[in-house]
């Protein structure tokens, strides 16, 4: 995929195929990269604007999916409700790719995160991966933790107690013996042990007590000082968008992998679309 | 068209042609199916977002149409004002396809409705077609009634008095001798006589008296019980989106034609675009 | 470009290239014509909806640009802040085309304006160009004045004092000896001397004193009476959209060049994209 894009720009693998994208929640990266992935495979994309469509006339999700299935060969869906993927699996006659369902999962992000780790570090095996920020609502973290069950890795969790990982996912990590550390502060020790530092946004609106937000938010700002304690080979990842949790100065450090991570996302989504839609 | 799509996915008939779509009212089916139709003919589509465009700077419809005519080879327009089609006919230098003008007409829906009847029942001649729901505001009903003037059919109208068909269209049906029944309730007799049961949404917001809405709305819910009285060959059609007027259980009855109807819409719009835009 | 579009509809020059467009302000003409230009060059376009994207999650402009640079080969940006082009120049790894930055500049409009003058009048050399309307906020005027520095032309400025050209651009015209007339009223003399009458919208919302707006607005309505004083070869230009400042009756005068101007815009933007993006 990567070589193809670098050499040809657009390939011919999905020539004659049509992808519908329907995002009920804001998105730049996921919707744009699926659009780009489809087009760079030679296919065509139809984007449904959910604010300007039949959902305002009270149409059910299952009817909307059946509609798109009449026009396209596959659907990418982002929806605020967690059971939207079950509705899609039950009613859509064409393949539906989950582009994020509520706070629950974001599986294509997990694919590209894993691909990023392999590209940047050569392997996933034996690595220590540290998650920081809002682990409770961060669906990219939930999906990646599940995917990491298939790998021999160690996991460190760093978040304020109110934003800790949901119990079921934490229990899963414990049961598999991967969880080696939990902390409410990002200490030098934790950073020094990490091969991957996976950051997420701490969202102000999640805090009931603003004073606590103010107290906690600075614990999680990654800057050049934080990186002093890190291995030279460590990579900083972030699903983006970011607010202040990764300082701009870090962008110029080779360990900042989050912009390359987006580019890998294009290749991963191309591979996924080819797998699902190629004749 | 259908065979072409099934075999090739995308054809080459409109390669090198550009269609502009401009929808001033919400739409999923019509805008998406025109987009898909154009792309499956090998052409390209440019969708104008009317909320995010020069109309907010006070531009007239005729200037907007002239603008699109500079960039595209044809235009699909949906507009809340009934005379928008006259403005388009007068000022646009390129063909404009009416995608719905206010409560008045929706001609491409009438084409696909007629095509659906022929595909499902083999012919239109001699059939009895029953319209139910909001016949006053349902522009798809208005357009189909006009098209049916060219066919030997019988028509039954079922709606609350407040939502009856506009007088001019009703008079047209009377004059042509097609109107055989008018009712405010969907009785077993009416269902039993029907070859086509064409349902539309009863829109709560159209009722001044909510008590009356509550009293009437259940008369028009089509469910498996309703279908017990129907011929085995009858088809249930609906322009969609639906709310509660066709129960979900009906989806699994072979007589439910409304999902196939959408797919036929793709082929009809492909045929129309090819007719209008092919070199 | 023009011959190619007229003969082939869509060319192959940018086959395999992807353009991202991101408009933070309303636009029909600029966004649509870039989309059409890219598609008619055989390329593909991805439009980012800024209301429905990560900017609502607080992402910085530079991060948004880096994101698009991962998916597309060039970016067209319209942004309300004047320094947005500097941010783009500093942080984007791919070419960024300025589609309008605040009230400051709109360079691709200046290209198409200049091209319009050459197409309509054969040359730019020796012409007298009159700007009317809101010269203070009209960024198309600012950009064209700068471009005209490279040509031997004379300039007349007609605007209410509150909407006069910004001092730095006016000084530039004075220094180059091009500014031959300033007026607050569009007199017959000024019209008679003009080879190009370049109109812009007088925007009601810019006036603090509505009485003054009411008094001034009619000075700037171009109608058939205004054109009586004009040369037979004069052309009326307007970046559009227009409100009342050019009367509808003028549309039928051959001197009304503003609709042709839009079509020229398509060719200019095709040329620019080919220059920037062709392999």
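Structural remarks
We just call them A, B and C in the order they show up, numbering each chain from 1.
Note that in this section contacts are C-beta pairs under 8 Å (C-beta built on N, C-alpha and C of every residue); 3 or more make two chains touch, one makes a residue touch a chain.
Note that this is a predicted model, so its numbers are computed, not measured.
Superposing the C-alpha atoms of chain A onto those of chain B requires a rotation of 120 degrees, given to the nearest 5.
Where chain B touches chain C, the two copies mostly use different residue numbers: shared numbers make up under half of all numbers in play. As a whole-number value, the distance joining the C-alpha centres of chain B and chain C reads 40 Å.
Residue numbers of chain B whose C-beta contacts span two or more other chains: 49. Across the complex, chain B is touched by residues 8-10, 23, 26-29, 32-33, 35-36, 39-40, 49, 51, 201, 240-243, 259, 262-263, 265-266 of chain C. On chain A, the positions that touch chain B within their shared complex are 15-18, 20, 44, 46, 48-49, 52-59, 63-64, 66-68, 70-73.
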